[in-house]
Amino acid sequence: MHKLLTAAEAVARHVPAGAVVGMGGQNINRCPMALVHEVIRQGIGGLTVVGCNLSLPLDMLVAAGLVARTEQGTGNLERYGTLFAWRRAVERGEVGAGDHSHLAMATRFAAGAVGVPFLPTRSLLGTDLLADLVSDGVAVESADPWTGRPVVLLRAMTPDVAIIHANRADLAGNVVIEGVTSHEVDMVRAARATIVSAEEVLPAGAFADRPERVTIPEAYVTAVVHQPFGAFPTSVYRAYDFAEPEIKEYQALGRAGDAELREWIGANLGASFDDYLRARDPAGTLRAGLTEQMGRLV
Amino acid sequence: MSAEWTALPRELLVVEGARQIRDGDLVIVGTGLPLLAATLAQRTHAPEAKLVIESGVMFPKVVPTPVSVVDPRLMRGAARHGSLFEALGGLVQRGLVRTGFLGGAQVDEYANINSTWVPRPDGSRVRLPGSGGANDIASHCRQVVILTDHEKRRFPARCDYVTSPGFLGGPGERAKAGLGPLRVKVVTDLCVMEAEDSALTVTALMPGASVTDVLDNTGFTPKFRDSLEIVVPPDPDDLRLLREEIDPACVYFPERKGR
Amino acid sequence: MSAEWTALPRELLVVEGARQIRDGDLVIVGTGLPLLAATLAQRTHAPEAKLVIESGVMFPKVVPTPVSVVDPRLMRGAARHGSLFEALGGLVQRGLVRTGFLGGAQVDEYANINSTWVPRPDGSRVRLPGSGGANDIASHCRQVVILTDHEKRRFPARCDYVTSPGFLGGPGERAKAGLGPLRVKVVTDLCVMEAEDSALTVTALMPGASVTDVLDNTGFTPKFRDSLEIVVPPDPDDLRLLREEIDPACVYFPERKGR
Amino acid sequence: MHKLLTAAEAVARHVPAGAVVGMGGQNINRCPMALVHEVIRQGIGGLTVVGCNLSLPLDMLVAAGLVARTEQGTGNLERYGTLFAWRRAVERGEVGAGDHSHLAMATRFAAGAVGVPFLPTRSLLGTDLLADLVSDGVAVESADPWTGRPVVLLRAMTPDVAIIHANRADLAGNVVIEGVTSHEVDMVRAARATIVSAEEVLPAGAFADRPERVTIPEAYVTAVVHQPFGAFPTSVYRAYDFAEPEIKEYQALGRAGDAELREWIGANLGASFDDYLRARDPAGTLRAGLTEQMGRLV
């Protein structure tokens, strides 16, 4: 029973309006851009987007007016600046932002991943971050029953659907990610459904000779989408580096305003991710350069 | 010493930051000046210091010059590519990482850090990126080092929002909240401030900076150690290493470009 | 049907066990008869049923005949070789595994299982292996299947020690304890018993077994369903599969050796 | 700074009398036999041995009179029977046994692995297993603060030293395990020190081209011991199958009595693990057969 769908089919089936969407990727690495473009094309709104570091894909969804709330550790692109659309929307009160530490978010996903209602952490203690999480109803101050020392209980986070981009998947939904996995493995295990787009899709059982190298087993994967350069302009470790000029251009527009971002989205997304790639990089020279550049770095 | 081998203010920040790392330490850093400091330490007095990156990279051999915690330049030759939970839970919260480098929009008298939001003069809020791993690092590391420009707005008496804990409201509060002991060192272009279950105390001045400079640019009135030291400038070899090998493209030193 | 293709009592156990698996189910099994049952189901009516092994093996293609949950014969062609926490936490406690196969020294009227210790006549205790994953499976799966010989000492009214929860003290107690709903099917060489928030009820007899046989060999007095069924013997193809391909060396059927 | 020691050095330095020892391996796979033999040779006693399934190595330690207590999910060798020395010692009250479910033990190690004082589980509820863990002081019945539903808090298990056997290690202590890892990764991360014996020891950095394939990073490893066939007579996935006749012989002696086991230990352990291997398999034909047999199975 293979799980291969087009991005359009997978998103239409598994990302309902109002969903809690677990966002894969971190900063400039392995963001599920092809899947996010498809959410924008289909105009699926009212989303709660959750992740650790939320970056480019969140900002695009916010600029497209599709996000009601975020729960995150950070919203930024590090050296390339803040998420301008998100920042403005949060400042205007249009998007609610639930602030966590990265470990707090990872802990919430880890709870969902193993089917327990909460997990403890010793982070957050004494801070306004904790006070806000308590009033948001996702954290409770408690005490270690053995020592009486303070500890924070964090409620499990179980997204309706997780979307990630990976190096490789087989048709059964087994996934191999190279490089770091940030929060993604536990997020996927905690989610009710998961769409994985991958640079390469292989026959079912392609990884069965080395099952310990499978990052996410098929048990957690609902749909597989084949999309080379599906994380562009962010990187995929060992496949291609991030496209700095593309990220800088997006950020310059973001700094300018929401209208500029919406115009860019309207002008560039096209009818499919391959359309978009062709629009941004007609001859493929940019992509070839990113592949070559990654080759020099690994 | 020739002018060529005189450290720029921000270079001195990096050099003094590097000095906070002991050989053999596990050190958690992001990118920017802290990463340059940690790499410099590894290349000089702390060859056995090991880097941990919150994204899940453990013990990489850095290639110049990473701009993100998931930059492939920060992932090469690592002992492990794992997860955030492994790095921040399995190493930091587990208590294995001695030193963490942090930044923030505000650092207050008790070394608390704000990276969530700051008020505008009209009372509205400027939304900042948020905690990331900062709260976790400040909660669990034994030592936190902050490298920052010294501006009055960055050093309020009390943060408008406490994202990451220093000593909270004052002595004893950290332990009361359930947090372990911490030592904080703030390195700015004007001075070095230190705190251990106390308010920040100026312990050293940067070469050329005065007590008045510090007082004029700090939002609270810091104590000064009786015998103030002057931060020792780097020797030319270390500076050459920083400039030519650690950030040769001046990614984090635009002020050095074209000099 | 020729005698050659008449199922032995323990073969019938395996065949009836296999019938409890729906196509597409995730099934957690150890070794022994349950693994043979699950493999038989995969080879017959449930080709999309997937096996989970507590040691961390997910979805293997079994090679005859594993004798341990870490036997390499149980690890081939898997989707993932992971950990106990992944299998029992990430799949079983997470609620993704519908069916679990269990054994035990005692199964009581309310389908509780004891695999920890049993008393000797002199009051001392016989130490048994312990829970393993059994408590976890009985706590989180939707359906538990128990394949066992039907002996009086194995079916006491109440377990001397409850290792793994059935319906605890009776109807409603499972929910009260915080456990999810469960359906239990006990398949013995005499009968099939079922329970769902209730005491075990005999719903079918094995061919040739009588109600009296069941009553004589059970430590409590089970209810009997009004219309008792007779378990259908396997067709020769399935039996051939079990004998020639699934356990060709008779590892779990010494009684078949040399026949 | 390399971490290579002999088994004798590593055990002498890192396994003190009275230690809580985290035991690697499961059933007939990858048990740290070479390290356990060395503990027996050095007569390090009063141990608390903890693990999920405790099998052959525990039974040998018990037979040698070195174990005061166990905390475990199971003590047995599956098809090859119970652990006879352990069973007798527990029945006589000489060894205390703290019974858990396997998930409960894995949960306790997972708590220690990420530095929290406890983790919750929804296993154990309603059983005598829970009642005993509560009276042993390692479990507390609690309630999910969000729903009020019952949940069990399990105290972190942080062994003084973990001992495991792996396929490969580098001199810095990075470890690659093939096949399943049972409870071992979290146990090692939770332990104060870890000794890893490995079939193969490689130069530091040997795995740095594929860091995502490193099972346990050097941060958790205190000492590396090079010992080919260090798990014999248990298996190492992709290296060699388990030696059924050896296990059956041990179990036959175990069934006979403690004296028989002690005699076997005295007669077979020799001065080193290589001595023992030579004594059991002088020409290496048994080992060659096990390697060949594994080759056919993977």
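Should a chain be cited, it is by its letter among A, B, C and D, assigned in written order, with residues numbered from 1 in that chain.
We adopt the following convention: a contact is a pair of C-beta atoms (placed from the backbone, for glycine too) under 8 Å apart; a residue touches a chain by one contact, two chains touch by 3 or more.
Every value quoted in this text rests on a predicted model; they were computed, and no experiment measured them.
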Discussion item. Report the chain whose CA-based centre is farthest from the CA-based centre of chain D.
Written reply: B
Worksheet item: Distance-wise, how many Å sit between the C-alpha centres of chain B and chain D, to the nearest whole number?
Response: 41
Worksheet item: Where the centres are mean C-alpha positions, what is the separation of chain A from chain B, in Å?
Response: 28
Fill in: Centre-to-centre distance between chain C and chain B (centres being mean Cα positions), rounded to whole Å
58
Worksheet entry | Junction residues of chain A - those touching two or more other chains | 115-116, 121-122, 149, 151, 178-181, 212
Response to the item:
In chain B, the residues touching two or more other chains are 57, 75-76, 81-82, 85, 89, 93, 140
Worksheet item: Touching pairs of chains, which are they?
Response: A-B, A-C, A-D, B-D, C-D
Worksheet entry | Residues of chain B defined as touching chain D within the complex | 26, 48, 50, 57-59, 61, 75-82, 85, 89-91, 93-96, 140
Practice prompt. Sort out for me which residues of chain A touch chain D in the complex.
Written response: 115-122, 137, 140, 142, 144-147, 149, 151, 153, 155, 177-181, 212-213, 215
Worksheet item: How about chain D: which of its residues touch chain C in the complex?
Response: 26-30, 52-53, 72-80, 82, 86-87, 90-91, 97, 99-107, 109-110, 121-129, 149-151, 178-186, 235, 237, 241-242, 294, 297-298
Practice prompt. Flag every residue of chain B that touches chain A in the complex, lowest number first.
Written response: 30-32, 53-57, 63, 67-73, 75-76, 81-85, 88-89, 92-93, 112, 116, 124-136, 139-140, 161-165, 168, 173-174, 177-179, 251
Worksheet, complete the sentence: Listed in rising order, the residues of chain D that touch chain B in the complex are 1, 113-116, 172, 174, 189, 205, 207-208, 211-212, 214, 217-219
